[in-house]
Amino acid sequence: MSKLNSKIPKGPLDSKWTNHKGKINLVSPSNKRNIDIIVVGTGLAGASASATLAELGYNVKSFCFQDSPRRAHSIAAQGGINAAKNYQGDGDSTYRLFYDTIKGGDYRSREANVYRLAEVSGNIIDQCVAQGVPFARDYGGLLDNRSFGGVQVSRTFYAKGQTGQQLLLGAYSAMNRQIARGKIKMYSRHEMMDIVIVKGKARGIIARNLVNGEIERHSAHAVVIASGGYGNIFFLSTNAMGSNVSAAWKIHKKGAFFANPCFTQIHPTCIPVSGDYQSKLTLMSESLRNDGRIWVPKEKADAKLIREGKLSPLDIPENKRDYYLERRYPAFGNLVPRDIASRAAKERCDNGYGVNKTGEAVYLDFSHAIIRYGEEKAKVSGLDSSDSKLVLKLGKEIVKQKYGNLFQMYEKIVDENPYEIPMKIYPAVHYTMGGVWVDYNLMTSIPGCFAIGEANFSDHGANRLGASALMQGLADGYFVLPYTIGDYLSNEISTGEISTDLPEFEKSEKEVLEKLKKLLSNKGEKSVDFYHKKLGKIMWNKCGMSRNEKDLKSAIKEIKELREDFHKNVKIPGGLNEFNEQLAKATRVSDFLELGELFAIDALERNESCGGHFREEFQTDDGEAIRDDKKFKFVSAWEYNNDPSNPILHKEDLDYEDIEIKTRSYK
Amino acid sequence: MKLYLKIWRQTNADSNGSFQNYEIDEITPDMSFLEMMDVLNEKLIIEGVDPVAFDHDCREGICGSCSLFINGRAHGPDTGITTCQLHMRKFQDGDSIVIEPFRASSFPVIKDLVVDRTSFDRIQHAGGYISINTSGNTQDANTIPIRKEDADNAFDAATCIGCGACVATCKNASAMLFVSAKVSQFSYLPQGQVEAKDRVLNMVKQMDEEGFGNCTNTGACEVECPKGISIKNIARMNKEFLKAKL
Amino acid sequence: MNLFSSSIGRKILMALSGLFLVVFLTQHFLINVTSVFSEDIFNMLSHFMGTNPLVQFVLQPILIFGVIFHFVMGFYLELLNAKSRKKNYIKFSGGSNSSWISRNMIFSGGVVLVFLVMHFIDFWIPEMNYKYVEVLPEDPNRYFEELVHKFESPIRTSIYSFSFIFLALHLLHGFSSSFKTVGVDSRYYNLIQKVTFLFSIIIPAGFIFIAIFHNITA
C-alpha cells in the first residue's frame, strides 16, 4: 500500500486546486522549447492536451492509429457535456455537480479529483464556444441545456445528437493550429507498441507505422496516454472497431498500476443485437430518456406473443404495460443513472418479459411525448388541440426536431419507423470507468508517464453519469494536465534531448519485433476475430451486467485457456512490413486476453455491489445493490507481476471529507 | 443472399492494382455492408488469402473512416449514410456489386480500398481553426449571443465528417464541399469573423496545392454527403473568397 | 488581385465571362428578332452595329476576347479537372446524383463552339471582308437580304437549330451555376433557377424560330 501516493493537496476541498496550481513548479517558456512530450491518442483528452501543451511551448508528438486525429471515438458521443454553469437558474453549482458525480459513481471516486472536475467544467464551455463549437442555442441566442440521467438539474450542453463530434472537431482545430505552427508533429496511422523506460522514467515509445509496418523509436521527456477505454474487451460494444487497451496495457506491464478494471458501464439504450455476424453495437443517446418511456408488457404471455411476432406493441393497452423504471424509481423514473436502468432492463428480460426474438430488448416509447408536445404546440399555435390527427402530426414534428438524427439512425439500422412503433433497446457495453491508476497530477505509477481521459480511472468511480465523459476528457486535456505536467517537467529542464539510440530503446524495439514475428509465424487456423468474439462472450456472460463468484472463477480459467490457445492457433495472413490490419488487431486482442483475466480477478475480489459492478451475492430482496463501505471503500490498483494471472493488489483508501456517504437511492 | 463481388485489390501505393471477383453466400438483409465484408474476409483468412483492406472504425456513421465506392456511388446506393450504415437489405439475392476505392489524385490508394486522405488534414492545418489559446481565460460563453438561425447554420456546416465522399463522387474530384463546410461554419459565427479573410484564402490555396479539381456546381456532392451538407456552403465560400480578394 | 492563380478565382472568371456572353446573347437576340416583323428596323440596327466605331473597335474586340477567354478557360479547367482523377472508376453512376447537363458542359460548350466557328464563316468573315478588305461601298439596306439568303438552305437552318438546342442545355446549367460561383446568397436560388429556366428556353428557342421563319418565308 505504501506504493500509492495520490498526492492530494492539503486544505479545504474548494481551494485545493487553486492552491495546488499556485504552488506547483513551472517550466519557463525558454525551457519549454527544449522539452518533448509524446501524446498517444487524439480523442477529446489527447487532442486537447496536445493542443494546449503545444500552445504552452512544449514540442508535442501526437500519435493515433486512425488516418486522422479527427476520427478518434470521442466523435461518436451524442448527448452532451455537463458543466455547472447554472444558466437555467435551477440551483446548479460546482458543489452540486461534484456531489452528483460522486453519488452517481457510487462513492468510489476520488473526492479531490471530482471537485476539480466540477470546478473547471464551466471553463470548458467558454473555451469551446470561443473555438467556434456550435452548441445548441435558444431563440434569444443563448446556450441551451437539457437534463441527463441521475441528476435533477439541466446542465447538459449539446449540439444536437453530435456533441462529441463538435467538441472533438474543436480540439482537432486547436491541434491543427499547432500543427501549422510546427509545435505538434502528428503521427497518424501509428500504433504505440511499447513504452520505453530509462532509469525509472518514461522516456519514449516504440511505435509501428501501420501503413508500411515499420517500427519507429520516439523519445520524449514525458509520455501521455490518452488512448481511451477498453470496452472492446467485450467484442460487442458501442466503441469503435479499433478502440483498444494496448497503450494502457503496455504501460501497465511496465509498472503503471491498473485501477478498478471491473468498473464497466453498460449503457441502457442501445440497439439490440440482431445476429452472430454483428460487429458492433450502436448507442441511442441517453437524452432519449428525457422523452421516451421504457416499458415491457405486464403479462409474460403478451411478451411471448410479441417475441413470436404474433402481437405488436401497439396492441398492448396502457393498463397492460409495465413502466418498470417509473414503478421502481418514482423520483427519477426513466432518468435513473445508467447502471440502474441497465440492470432493471436485464432483470425484466431475464424474467421473460423481453420483446424481441432473442428476448433481450425492452421498449422505449415516444407516443406519450408526441401527444404531449403536439397538444402544447396546437395550443400555442391556436389550433384545435382535440384533433388527434393534428396533434400527432405536430408532436412528431417536434420530436423530429429534437431527436431526428437519432430516429433516422435507428430506422436505417432496424428498418422500423420509431415514430410509429416503439424503439427496441437493450443495454450494451459503453464506457470503462476503470483504467490506469493516476495520482492527483494525473501521473501514473511510472514517473513521467501520465494518463488522461477514459484511459485513467480517476473521476467516475463505479459508474459514470451521462455527459460526463466529454467533460472529463476536456478537463484533463485543456485544464489539468497542462499544469500538473509542468511540476514533473520542471526537473527535466537540463536533461537535454533524449537519444533513441539508448540501449533501452533498442531492447524495447527488439521485444516488440519478436512479439510481432512470433504472431506472424504462427501456423494456426483460426482468425483473430474468432478469439475476440469468444473472449467477448465470456466477458459478457460472466463479467457483464451481473457477476457471481462461480462465474468469475470460471471466467478466469476460460480466459487463461483462451489466451494460450490464441498464441498457439491464431492465423495472421500477410507480413510485418506492410499494411496488415489483422496483425494490428492481433496485438490488440492479445492485450485484451490478458486484461480480461485481471478484469475478472478484480470483480472477484470486490465482494460488494456498487455502480456498474453488480455481484449477485450482494443484493437486497428487491434486487438493489448492497455496497460495503467498510471493506471496499478503496480503489483497487493492480500491479503487473510477470504474468497476467498473478497481479498484486494495492489499495488506495477513499476519504470523503466533504460528503456524507449514503446508500445511493433514486426512489 | 448470394452475391458476386468485384473488388479492387492493390498491394500497396506503388503497385498496379486490379479487380478480383469473389462469390459470397449466406448474407442476411440485416447485416451492414461492412459486416458483409467481414464475412468475406473471415473466409479469405481461413483460405490463407490476404483479406481485403478497407478503412472503418466507429461503424455508426460519424467517424468518417469508411470510404467505399459501391456500384458507382460513394457510400453505395442509399443516401444520407456512410458505408457502415448501408445495410444489405438494399441489395437483392444474386446481385453483382462493384467495390472500388474513393478515387482522386489527392487520395492515393494505400492498399486495396484504403486511401490516404491526409490532404484533408493539411487543408485544415492551413486555417480550419479560430486562433485562440485553450487557456480557459476566455470570456463567459453567454457573453456573445448568437442568433439561433446562425448557430443552426454553423452546426449544419460543422457536421462534416471528412469522409471524402464529396471528392469521390465529384466528376472533377473537387473538395469544395469539404472546404466550404469549414469556412462556412466559422463565417456564421462572430468568433470566426476576425480571421475570415486569411482563412478562406489559405484554405483554398492549400486545396489547390493538393490537386483537387474545380467545382462545376453539379450538385453530386450534396446528394452523396452522408451528413447532407448543402452546396449553398460552396456559394458562401465563393462569396467569402471574393470578399477577401477585393 | 490575381484571380487566375486559384481554383475559385478561375471559376469566378469563367462565370463572369459566361454572364457577359449571356448579355451579348440577349442583345444579339433582340436585334435578330426584329427581322421577323420589320426589315427596316433590322437593317437600321444592323447598320448601326456594323458601322458605329464604338461597337466596331471597342465592344467587338471585347466580345471576341470574351468568347475566346470563355472557351480557352473552359478547356483549361477541363484539363485540370481530368488531372485531379488520373485513374477512373470502372463504374460511375453520375446520373444518380447529378444531371447529365451539369456533367457535360464541355460537350454542350464544344458543340456551341463548333457552331460559332461556322457562324463566323457565315457572317462575320464576309462582313469583315466587305468592310475592311474589299472596302465595298456601304449599303444600309443590305443586311436583311443577306440574312434571309443564309437561311434559304434547309441544311444550314437545321444545323443552326440543332446547335441552339445545345446552347439551351449549356445555359440551363451554366446560367444558374454562374450565380452560385460568384457567391450569390442561397435565398435567391429559387428565383435564379426560374430565370435560368426561362432564359435558357426562350432565347435559344427564339433563335431557332428566327432561322426557321426565314427558311419558310424565303
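Labels A, B and C are assigned to the chains in the order they are written; within every chain, residues are numbered from 1.
Simple rule for what comes next: a residue touches a chain if its C-beta (ideal position, glycine included) is under 8 Å from a C-beta of that chain, and two chains touch if they have at least 3 such contacts.
Values in this document were obtained by computation on a predicted structure and should not be read as measured data.
Novice: Which pair wins on C-beta contacts, B-C or A-B?
Specialist: If we tally the C-beta pairs in contact for B-C and A-B, the bigger total goes to A-B.
Novice: Using CA atoms only, can you tell me which chain is the most central one in this structure?
Specialist: Given all protein C-alpha atoms shown, the central chain works out to be B.
Novice: Averaging only over C-alpha atoms, locate the centres of chain A and chain C and give their separation in whole Å.
Specialist: 62
Novice: Counting only Cα atoms for the centres, state how far chain B is from chain C in Å.
Specialist: Here the centre of chain C sits 37 Å away from the centre of chain B.
Novice: Cα centroid separation between chain A and chain B, in whole Å?
Specialist: Measuring from centre to centre gives 26 Å for this pair.
Novice: Which of the residues in chain C end up touching chain B in this complex?
Specialist: 1, 3, 6-12, 77, 80-81, 83-94, 96-99, 102-103, 105, 173, 176-177, 180-186, 189
Novice: Could you pull out which chain B residues touch chain A in their complex?
Specialist: Contact set of chain B toward chain A: 11-12, 28, 30-32, 34-35, 38-39, 42, 44-46, 48-51, 53, 55-65, 78, 80-81, 85, 87, 89, 110-111, 114, 116-118, 120-121, 124-126, 128-136, 138-142, 145-148, 151-152, 154-155, 158-159, 161-162, 185-186, 189, 191-192.
Novice: Along chain A, where are the residues that touch chain B in the complex?
Specialist: 48, 51-52, 55, 66-73, 75-76, 85, 87, 120, 123, 125-143, 159-160, 162, 165-166, 169, 172-174, 176-177, 179-180, 186, 188, 211-212, 238, 240-242, 274-275, 277-280, 282-283, 408-409, 412-413, 415, 478-479, 525, 527, 529, 571, 573-574, 578-579, 581-582
Novice: Using the touch definition up top, name the residues of chain B that touch chain C in the complex.
Specialist: Interface residues on chain B, with respect to chain C: 19, 69, 71-73, 77, 98, 100, 103-106, 169, 171-174, 204-205, 207-208, 211-220, 223-224, 230-232, 234-242, 245-246.
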